[in-house]
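Below is one structure. I have some questions about it.
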Amino acid sequence: MNAIIVSTLLGVIMMFCSWGIKTQKTQHTIALVGLFVLILSNLAQMNGWYAIDFDTKGMLAFTRFGLYVNTLFFIITFIYIWLNGEEIAKFDNQAADFYALFFFILCGASILTSFDNLLMLFIGIEILSIPLYILTGADKKNLFSNEAALKYFLMGSFSTGILLLGITFIYGATGSFHLVEPVLRPSDGLPKEQMILSAGLLLVFAAMNFKVSAAPFHFWTPDVYDGAPTVFTSFMATIVKAAGFIAFITIFNSQSKALGYTWELVLSFVIISTLLVGNIVAVFQRSVKRMLAYSSIAQAGFMLFALYGKSIYANEGIILYAVVYSLATIGVFGVLIKMKENSFEAFNGLAKANPLLAFVTTIFLFSLAGIPLTGGFFAKYYMLNALYAAGAGLWLIIIAILFAAVSVFYYFKLVQAMYFVSGEPTMHEVPKKYTYALLLIAILLLILGVFPSVVFNYLYF
Amino acid sequence: MPIEYYIFLCLTLFSIGVIGVLTRRNAIIVFMCIELMLNAVNMLLVAFSKMNYASAQALSPTTTAGIDAQIFVFFIMVVAAAEVSIGLAIIVMIYRNTHSIDINFLNRLKN
Amino acid sequence: MLISFLLIPILTAIVLLFIKKDTLASQTAIAASLATLALAVFASFNKVEAFDMAWLPNLNSRFTLEADGLAKILILLAAISLPAILIASAKNEYKQKNIFISLLLFTQAGLMGVFLAGDALLFYFFWELALIPVYFLCSIWGGEKRIAITFKFFIYTFLGSLFMLIGILFLNAHTAEHSFSIQAFIHANLTGGQKITAFALFFIAFAIKMPIFPLHTWQPDAYEQSPTPVTMVMSAVMVKMGLYGILRWLLPLFPVAFAAHTNVVVLLSVLGILYASFIAIRQDDIKRLIAYSSIAHIGLMNAAIFTVTGMAIQGALIQLFSHGINVLGLWIIADILEQQTGTRSMQQMGGLAKKQPTLAILLVGFALANIAMPLTNAFVGEFLMFNGLFILNPWIAAFAGISIVLAAIYTLNMVQKVAYGEISEKINNMPAPNKAAQAVLIILLIIVFVTGVYPQPLFTLTADTLEKLLAK
Amino acid sequence: MKVIIGFIILWPLAGFLFNGLGRNYWSKKVIAYKATGYIVASFIASIFAFLHVQTYGAVTVHYFDFIHTASLTIPFDFKVDALSSLFLLVITGVGSLIHLYSTAYMQEESAPHYARYFAYLNLFIFSMLLLVLGDNYIIMFMGWEGVGLCSYLLIGYWFSNGNYNYAAKKAFIMNRIGDLGFLLAIFWLIAKLGTVSYSEVLTAESLAKLSSADITGITLLLFVGAMGKSAQIPLFTWLPDAMAGPTPVSALIHAATMVTAGIYMITRSNILFSHSEITQNIVAIIGISTALLAATIAIKQNDIKKVLAYSTVSQLGYMFLGLGVGAYSGAVFHVITHAFFKALLFLGAGSVIHAMHHEQDIRKMGGLKSKLPITHITFLIGCIAIAGVPPFSGFFSKDEILAAAFEKNKIYWVLGLVGAAMTAFYMFRLYATTFLGKFRGSNEQEAHLHESPLAMTLPLIVLAILSALGGAIGIPHIMGGHHWLSGQLSSIVSTPHETGLSVPTEWILMGVSVAIAAIALLIALSRYSKQTDEEPSSAIGKFFYHKWYIDELYQKAIIEPLNKFALFLKEFIEKKVIDGAVNGTGKLVQFSARKVRLIQNGQAGYYILFMVLGIITLFLIWFNDISILRFIHTLTQS
Amino acid sequence: MNTLEILFYALSALAIISAVMVLISKNPIHSVLWLILVFFAISGHYILLNAQFLAIVNIIVYAGAIMVLFLFVMMLMNVKKDKEPQKQLWVKLTGVIAGGSFLTLLIALVKQNTSFQGRDVLLKDGSIGLIHPLGQALFTDFVVPFEISSVLFLSAMVGAVIIGKK
């Protein structure tokens, strides 16, 4: 609750900042301080200190897991804003407005980590989505940005419609918006009286797939990620997606045991098609940004494993995956922002021009590809473990692995461009401080690559 | 009135909305069709609400069962209003830039 | 003790990143690698304590390093090869040589880790860790087609190791406490079918790494395109990872599934031996020739291990070492030739015996080891391995034996084209002999003959492993 | 004794290391003295060993375990017994002479190459000693491969010449084919008996453990090894080509010692061979066929060394005939006498070549009788010895084999006789063309003709004496001798060959063979003392002249197809099929990437359409229980 | 057939026909007007279900505010009356088929579903749709979402400002 309240307040404060305070730097600092406060307040709640303590009437349920995930989200956002302050300021003279939107998004994310009622899910998703539509279209003069915003908006609203239909069906069948108990009773076949219920779940499933950009509901992702200003794509692809996953898991993990093997089939279908589309199409991209968009679809395919069933690995894994993936993606986009073009050729010879930058980029890419010694490896390992622990067939794991190998194809294309192709990278000036910030992220990833448990150990104390 | 009738009605409206989304090119009309879908859902929720109320009333006359669905509808409207403001803002922005709101021309981003 | 096999190379590698002067960098690296060698020699003749440390409590994975004979002999090989490579290539010019050497040291650390790891996850970790520096080494400093070739190599082996990862995951899920230790894996609760699945998953990784026909096509290309010092590491030590994996993991873990696949794998390996030998006959590129020859040798070792006879496994155990030494010698010679003549085509060589007789003699020496002449180290291993094959099936042994003849053909082809004949222009233009490299070669050649005449220390070293393996 | 035996073998090794490592530092004189000295030292040690065996019987000495594992132990043991001590004497004795000879013959070489030559030669002696001293098949195999290697190195001694290299390689590879057989035989022994030591393999208990099929298999494989080393059909073509090496090498390796390793090996394992009738017959048939085949070829050759080479092949055939018919001591006898007279002949030929400035074509020679008197006399003695004229050594040894053949099978004897006739014919053809008649070479050559120095003639003289008198060690009983050699070998040869022929028959046989040889000899002398052979015109002549076209046959039937096969593997299977499949996978990914991305066509309408279709698909999967998926699912659930 | 049923069918028919008209009108303005009619029909249904509060809100918010906004924007854009380009026929057909199958699928499911059989919707009666219980619920049980939805409006406001600014 602290997080929701504080982030809303901070959002409002930032709104007023845009009138009161004109210097970008101050706004940036306020945002960072605000985030710090947000982190503290959330930690406070984890330790049992509440600002306002009242009964949410079954709307929200604060679990240690959810609160901890919140903390991680806030920390990642902190890193993100710290890194990208200058870039955000470039857009407009109203960076504070964007910061406000970020805080609102964080509020939405906090709701998604703690909702206990489908109504809150719906509101949370909307709070998360609406600022995103705006961020996507933030580059107002850019036709790509415009187009992306409209596409995102239309498809997002459509998926909201689907989500609502699903919720309605669930309500019709159970008479409640609560999601405490498994709503479906375990059984072999599909009992006739549960048809509508399962249809409802399936529709919710589809809508959630849209939010986390899983195939075949992923179509918005490449275009939106590509069209949106890079700095916001970075945020969209990380925190927002991770929050979506947490919500997704909250809905379905309690149900999955009851859903039976047809559920596994449906999920397998989605996982495989997501991995297929994400990985295969990414291979052919000429734009790094678009490649990353597709790769984020592919990563979503891996994260979907956590849905397969409830296990300790799924919870730990999704946290680890979310953190690692977010850090790596923020890092890669952070480098990409400094490029004048988005093409692979822009990276040619980066290793020579700026070895440190090339090195950190390599760490990010390795992490995304899941190469050992970077956090990405354990993230993937945990997800596979979760998949197997939930009783999935080895065949699914093997398919996942094959696609993981394909992913090396496109991530390494960038590595090749940086290290092995000679040329002059076409990039903006990169301040030393910025590089060191990226280096910090890279070091974090390396630490997670050797001691992944530092992320979720906190879950248990 | 059997609940199935309402379900059929609402599903029909919902599907008409879906078809509209699929077949029209004007962004505003598409958006309107989405609103239609939401309204169909709203009506269905209200119908379910009254269905639940009906069954609960038989047991206790003062029940408020089903009220949550009507509140839900209220929130859907709230959200829809917010969405519309943003949606129209985006559409207007696009119109300002391209003088068109034909979604078929929105294919600069592809492949 | 064991941890220093990882620490010395890694720390040196990190230090090297900041030493910009080529000679100083190379001297530092040589000093460090000699220190590792000294440690390895010491470890070979003494009992060493296992190193154990908590690592991933959530996954029940521990940072366990332990060394038995098999590990020791490979550690020794890795420890010998690096200083040899560094000294032999000390004169070679590479841009940013400090980074080049640093990556080599990282590779060495990865290899050491693979050979020492007593925990499956750790094993996988090092397995990949050995690969990544090599990827950069080949791609940055390699030949013309390096990028595509190295990438193929990387993806190929990476894919293979991913299968192993699934296998590890699979076994881990079926152990009592979700542990990754070898012991826990051995006692994993699996049905027969599951064992075969797990066996296959592991085997794919090892088969690609070795490589076994028909999964070998990455190798000649990669060897050809890599800078030769890297090729040496790959060929002398890295390919042993696959065989090591089979001996350390596959055989103890799935003795039944292993035995069930003996015929298929042996047949495949033997086919591969002959196949590679035939192709080697037609090679003109000296590096490709050695590459195919290496495929044939590795195929034999694999076949021998799969016979599951004591003799053959014993042979393979010491051949792991011997082949490493021999092929290292051949690669160093190939490197000298390439560096000094600027070509790898044997057509353009000839008359080396006139120009640099010492080098030619060394070439003949290693060629003899390559064809397993008696009194060279390779003979002992190959003799035992063929023997095991014969016990398994005389016909297969006879069939595989053809490779002895074929090996003579391609190796002598090489000797003849390079060392003999009229002196060619390229050879004539060779600069003064590389004394340091020749000294290394002489030392290696002494090892070849000493262990060829008196191989008993190697047997003693690996006795405990053999006993463990055959106890099943 | 351990030390003496150690000395025998270590002296040559020391010589090898000394000459090999010091080749740039020592003068030729030092090299020559050292190299020869080491072998002489080894010879002296061998004499001690021989005497020791004569007095105390066979000795086995253990040095260390070469291989000692749980399942197999191969000790590094040496054994000196009657057989190996004889071979020791021959090897070191003839070896010393040839070293001595070489010091002069190779004088033209520069010091490093001179040293290299002696290093190789010493190494050869070392390997050969290893071969005969070993107490088990593994050590024999070490020597076996070692001598092959030295042969390779020495044939290719003049490495600039491509043809010589080719010949060297051919020799090595053909030897390797044989070695493979040998090796397989060893495996077979280990698989069945678990040991390779002679003292354990060649016993009654071991024989009892082997089935007759095992014995046949093992002996046949051993014989394959012998075929390679001793140049029998079909692996004989390397030997004539091996004449590319320096002539003393041909004398030592390709006539006197190495090529007889096969005979040594079979004699060593005669217990096994005696138990397999099939193998014995095969050995005899191959032996006599080789003898005849090589003899026919030798008749038509014009290169002095080639004639001798084919003659060697032919004589080796005789020895195998002897082995095949069970006359083991006869075969060893022939090995010894052959070592004397063939070394003599080769060295004589070397002397001629030396004088003729490396001219080897006998048609360009003639009339050398007066110019090279010592060479002439000694060469003549050699020819007489090989032709089987009593009382020269060749007569006794050959006759023993023929007698045994007669006893075994009359056809062998008849064929052997034909061979003997041909031997006499071609040897005297060679002698007559070279030494008799008028000189046919260029004037320049004639001007330079000279007798060789003492270092070369001395070995000739010694060998001539041995060739003439060497038969003394095996004078048959009917002539009043007591066949010393046969007695010597009685401990080795399981069934000492006691001729079952009556005395008159033996005399008749001897008479017939001597008569036939004499006739052939005279024909040759009369025909070739005035004229030479021109290019053969008759079909059969051409056939012989071209060595039965066997090289061509091998080329067409084996080498070329194999080469083509290798090329096919390299160019098609490797590049197109296997690598094609690997790269194809990559291409497939890229291709599908190109296609799949087209779905992302940028139209929001399509996207939503696909979403709707996606939902429908999910429903279908969920509710309609698509059976294929269920099948896959159940199939792969593990 | 009683009055309620007649009303139900009439409103349903109106809603569906108007909804179809939204689709097929060439002129966007007409579409808007038809949609308003749909909303009115739905509001009629709400009244039928005795959800008075929602019926009013629906009229005010949807038909009143939202649709007027739509109309407003459309006027602003000065979209030519019947110039709206049409999609290709097969695209439309596919859309219709897809939507139709979606409908068929769901209807088939509902038909098979047994738990709704014999369950009726209470028309006309029931007090839960009145403003008093709704208000009570909204400020007790649903106060959290109610408060939080303010964030939604705040972000929409900020968004509109960002996008609306020149």
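Letters A, B, C, D and E mark the chains as written, and numbering starts fresh at 1 in each.
Note that in this section a contact is a pair of C-beta atoms (placed from the backbone, for glycine too) under 8 Å apart; a residue touches a chain by one contact, two chains touch by 3 or more.
Keep in mind it's a predicted model, so treat the numbers as computed, not measured.
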Relative to chain E, which chain's C-alpha centre is the most remote?
D
In terms of Cα-based centroids, which chain occupies the most central position?
C
Ranking chain pairs by contacts, what comes out on top?
B-E
In terms of CA centroids, furthest away from chain A sits chain D
Taking each chain's centre as its mean C-alpha position, how far apart are chain B and chain D in Å?
96
Between chain C and chain E, what is the gap in Å from one C-alpha centre to the other?
71
Inter-centroid spacing, chain E versus chain B (mean Cα positions, whole Å)
5
Whole-Å gap separating chain B and chain C, where each centre is the average of the chain's CA atoms
66
Which residue numbers or ranges of chain E touch two or more of the other chains?
87, 91, 94-95, 98-99, 102, 106, 109-110, 116, 141-142, 145, 149, 152, 155-156, 159, 163
Shared interface positions of chain A, touching two or more other chains
119, 123, 126, 130, 133-134, 137, 140, 150-151, 154, 158, 172, 195, 199, 222-223, 394, 409
For chain C, what residues touch not just one other chain but two or more?
155, 197
Going by the touch rule stated at the top, which chains touch which?
A-B, A-C, A-D, A-E, B-D, B-E, C-D, D-E
Which residues of chain E touch chain B once you look at their complex with the stated criterion?
4-5, 8, 12, 15-16, 19-20, 22-23, 28, 31-32, 35, 38-39, 42, 45-46, 49-51, 53-54, 57-58, 61-62, 65-66, 69-70, 73-74, 76-77, 79, 84-87, 91-92, 94-96, 98-100, 102-103, 106-107, 110-111, 116, 118-123, 126, 128-129, 133-134, 137-138, 141-142, 145, 149, 152-153, 155-156, 159-160, 163-164
If you look only at chain A, which of its residues touch chain C in the complex?
316, 366, 371-373, 377, 381, 384-385, 388-389, 394, 397-398, 401-402, 404-405, 408-409, 412, 416, 419-421, 451-453, 456-457
What part of chain B is in contact with chain D in the complex they form?
18, 21-23, 25, 103-104, 106-111
So in the complex, the part of chain A that touches chain B is made up of which residues?
119, 122-123, 126, 130, 133-134, 137, 140-141, 143-144, 146-151, 153-154, 157-158, 160-161, 164-165, 167-168, 171-172, 175-177, 222-223, 226-227
Would you mind writing out the residues of chain B in touch with chain A in their complex?
3, 7, 14, 17, 21, 27, 30-31, 34, 37-38, 40-41, 44-45, 48, 51-52, 65-66, 68-69, 71-72, 75-76, 79, 82-83, 86-87, 90-91, 93-94, 97-98, 103, 106, 108-110
